[in-house]
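One chain, chain A, appears in both complexes that follow, with chain B as partner in the first and chain C in the second.
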Partner chain A sequence: MIKTGEKVLLKGNHALAKAALNAGCKCYFGYPITPQNEIGEYLSVEMPKMGRSFLQAESEVAAINMLLGAAATGTRAMTSSSSLAIALMQEGISYIAADNIPAVVISVMRAGPALGYIFPSQGDYFQTVKGGGNGDYKTLTLAPSTVQEMIDYTYKAFHLAHKYRTIVFLLADGMLGQMMEPAVLYDYPYEDIDNSDWALDGAKGRPGRWIGSIHRTETALEQKTLALFEKYDKIKQNEIEYETMFADDAELLITAFGSVARIAKAAVKRAREAGMKVGLFRPISLWPFPTQELNECAKGKKVVLDIEMNMGQMVEDVKIAVNGESKVEFFGRPAGYYFTPEEIYTQIEKTMEGLK
Partner chain B sequence: MATKDASIIFSGFGGQGVLFIGMAMSNCAMNEDKYVTWLPSYGAEMRGGTANCTVIIANEEVASPYEQTPDYVIALNAQSVEKFEMKVKPGGSLIVNSSLYHEKERRTDINYVYVPANEIAAKIGEIKCANVVMLSAFIEKTKIVKIESLKKVIRNVISASKAKLLEINELAIQKGAEYVKLPVCN
Partner chain C sequence: METLVFQKPSRIKKDCKVTFCPGCDHGVAIRIIAELLDELGIADKTIVVSSIGCSVFLNDYYDLDIVEAPHGRALAVATGVKRAKPDKFVFTYQGDGDFASIGLGESMHALSRGEKVTAICINNTNYGMTGGQMAPTTILGQKTTTTINGRDAEVQGYPIKICEMAAVCDGAAFVARCSLDSSKEIENTKKMIKRAFESQINGLGASVVEILSICPTNWRLSPQESHERVRRELYPVYPLGIYKDKANK
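Here is the complex of A and B:
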């Protein structure tokens, strides 16, 4: 066992699995898929030793519904999967959202569409943030960019899930899952949240409770969804998270999330050293998206350059946020090869040249 | 750009321990307070074929754990030489397990270092230590990290109950480092 506070070399998938255990995750349900298999592999060994439940489900459809059931008892629980298999979970995700159930889903993106391959990708921004399930719902989504952040945001995912009784996604990719990097594991920093007033934890000695998404009258149905969105408004007010670097006096502002943001940072630093006024705006909460914050930041910029390892997904939210304050351009490539800092630097040079 | 101290690819047959020596190298770098990333090849190519991992060591945060043109390649088998020889950065080095590779050099703009790691390991009495011989030779040759760091890392990894195994690995470190100091290697 790793001592708390010690800097160790950790694989992204192992780091988040260890963090989940520290966060008090009592139940894990999942079905194997590369590039996130180390999560299940690790938990399958550790959870039984701790008297917790690890269950390899017969399918992703089963896993997400098991998560729904376990989390409905107020128990901290999670699943993890990747892209094409997260696609199979969409029905259950919609139910978890509608039922106000606190559940954590780890999504380690790989290349698509469809089977694609195991290479890292950011092709599931839409799948996660816009949702693939039916109806009006939102999924709180956090996007780490280092192994350390895999720990930080796994903790935060469990915290926010229980604080708002909502589904929270940790959106990583194959690069972050597979790579090792020095990181510090520390104790779960959030207070425990009392679930006793709603959880389906046995009705002995109290009236029964009901959790469900069916509402047979017009009024009840409308009230249910309005209440859900009142909650989403609170999340928007309190939980937007982003990071900026050299943004204040930048003429060119780069937007990037997750693993691409860390690569872009190096290119931005080099551009600054070369005297170019370039900055970075990195959304960390992808929903709620830092719309107002990016709008403010984009004011007076000559161009906002959105960079993603896909053919252009977050760029739509960037455009909504920038809302005409600046020109928005996109630079992306589909999964397969990886952005190098040099490649992004070259694009920065080209874009700056175009501004003259 | 982050001034990279080194980008290194460790490559060999699955089972030769290339991921392990990549991790050992990464731990050495971390213990010397450098920034480091380790990234394995993962998926189908691990099953029965060659395995490799990329280690990036730098003085500031590592941007990307990937490297198409590494400074160094440590090749433990012939397939790895064939796969990576042309990718080494000009001026970089290819460290070859010469027990398993006897072909001609295909480039003139990189350095070749030959270490008969299987023979050295066999003499110690444990052929499985060929990976540690290679790593030790590489560290001694390049001084990217200290040999002393490697000794510490190996002592941490091998539990005290396996004293014999630790002894063999320490011998592998010594012999690998000694080999690259020989005139034949310089």
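Here is the complex of A and C:
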């Protein structure tokens, strides 16, 4: 067992799993898929020792619905999966969102479309942020970029899920899941959130509670969705998170999330050393997206260069945010190889050249 | 002196309006379950999993904690509830399409794991809510809106036999098929559900009660004719009885 506060070498998936245990995750339901298997394997050993429930489900469809059941009781619970298997969970995700119940979904992206392969990818930005399930709902999404942040944002994911009774995604990728680097595990920093006014625990001495999504009148259904979006407005007001680097005086502003943001940082530093006015804007909450914040940041920039390990997904939200304050260019490549800092540096040079 | 001879079970909502079709067996099943929750004294710790189909409206009738499962996933949701709250009493209320078609995987795996939950499966041999289409349990020759010439084994294959399949799962503790076609069978169904509930309470494993039920609207028969059809056509294909009982081995 790792002592709290000790800096140790940790694999991303293990760091995340340890953080989930510290966050009080009582139930885990999942089905094997690379590149996130270490999460389930680790929890299958540790959770029974702690009197908690680890269950390997028969499918991702079953796993997300087991999560729904545990979430309906207010229990801290999660699943983890990847890409094509997250696709299988989308119906359950829509139900959990509609039900106003707290659940954490860890998505360690691999390369698609379809089976693709186990290479890192950011090809599931749309799948996560725009949702693949039916109807009007949102999934609060946090995108870590280091092993340390796998811990930090796993904690935050559990906190926000229970604070807002909503589904929260931690959107990582195969690189973050598989890499090892020093990180500090610390105690779960958030307070417990009381759920006694809504969770199902047997209707003893009170009227029965119903958690469900069916509403048989137009009015009831509309009110339900409007209430859901009132909650989403609160999340937008309170939970937008982003990071900037050398952004103030930059002529070229890079936008990137997750592991690509981390690679871009190295390229930005090198460009600064070479005298180029380059900065970085990294959305950490992908939904809610830092639309207003990016709009402000983009003012006066000559170009916003969006870089992603896909064929252009977040760039759509970047364009909406920038809203004409600057031109927006996209540099990406589909999953297979991840970017090197050199590759991004070369693109920075090329883009700066184009500004002359 | 007045003697109370009949009253609603405590967890049937006082003001509930029954919206099932006239003659439907759902109301009977819902009532006898509520009676048993009172008799066994477990209503206070019960969490119900409703499903998709006519069974989705449980919250209109029950004053209980209820969670709605997506179509076919009732036993996965029940698994999540029970794993999170092992001290609660958990049952699903599903149709045959939910249990044995779209949800067959979840059903068989929950039974094989021996999840300490009970599944009540209302088998009316068609999809009632959507207008009477072919179900996994539609018998050969039965006309439905998607088998207008009758189910043909060459084309649609054979009906799925829920209890026979459930009984081979090692984790299943109690498996029984019953019917609601007469007061005698209603009494027997109540006994079967009670034994299923008791097997969960005693921690023996998963339990299933398949209840042959009528769908007069989609069968295009009167309730009386429908119950006659259960005896005449369904009994031979779906024999009543206990298929597995770990408590009395």
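Everything below uses one rule, namely that the second predicted complex is superposed on the first by the 356 of 356 C-alpha atoms of A that agree within 3 Å, B and C clash if a C-alpha of one lies under 4 Å from a C-alpha of the other, contacts with A are read in each partner's own complex, and residues count from 1 in each chain.
Convention: a contact is a pair of C-beta atoms (placed from the backbone, for glycine too) under 8 Å apart; a residue touches a chain by one contact, two chains touch by 3 or more.
Keep in mind that this is a model prediction, so the values were computed, not measured.
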Request  = Using the overlay on chain A, decide if chain B and chain C clash or can fit next to each other.
outcome  = fit
Message = Between chain B and chain C, whom does A:59 touch in the aligned arrangement: first, second, both, or neither?
response = second
Request  = Applying the touch criterion given at the start, work out whether A:7 contacts chain B, chain C, both or neither, answering first, second, both or neither.
outcome  = first
Message = Looking at A:179, would you say it contacts chain B, chain C, both, or neither? Reply first, second, both or neither.
response = first
Message = Just checking: does A:70 make contact with chain B only, chain C only, both, or neither of them? Give me first, second, both or neither.
response = second
Query = So, does A:266 touch the first partner chain B, the second partner chain C, both, or neither?
reply = first
Request  = Quick one: name whichever of chain B and chain C touches more residues of chain A.
outcome  = C
Query = Is A:339 touching the first partner chain B, the second partner chain C, both, or neither of them?
reply = first
Message = Just to confirm the geometry: in the superposition, how small does the C-alpha gap between chain B and chain C get, in angstrom?
response = 28
Ask   = Which bits of chain A are touching chain C when the two form their complex?
value = 26-27, 29, 53, 55, 57-59, 61-63, 65-73, 75, 77, 91-92, 95, 99, 200-205, 207-214
Request  = Enumerate the contact residues on chain C facing chain A in the complex.
outcome  = 11, 43-47, 49-50, 56, 59, 62-70, 73, 76-85, 88-89, 105-106, 109
Key: Sites on chain A touched by chain B in the complex   = 7-9, 34-35, 117-118, 174-175, 178-182, 262-263, 265-267, 269-270, 338-342, 345
Inquiry  = Touching residues of chain B toward chain A in the complex: what are they?
reply    = 1-2, 23, 26-27, 30, 35-40, 42-43, 61-66, 68
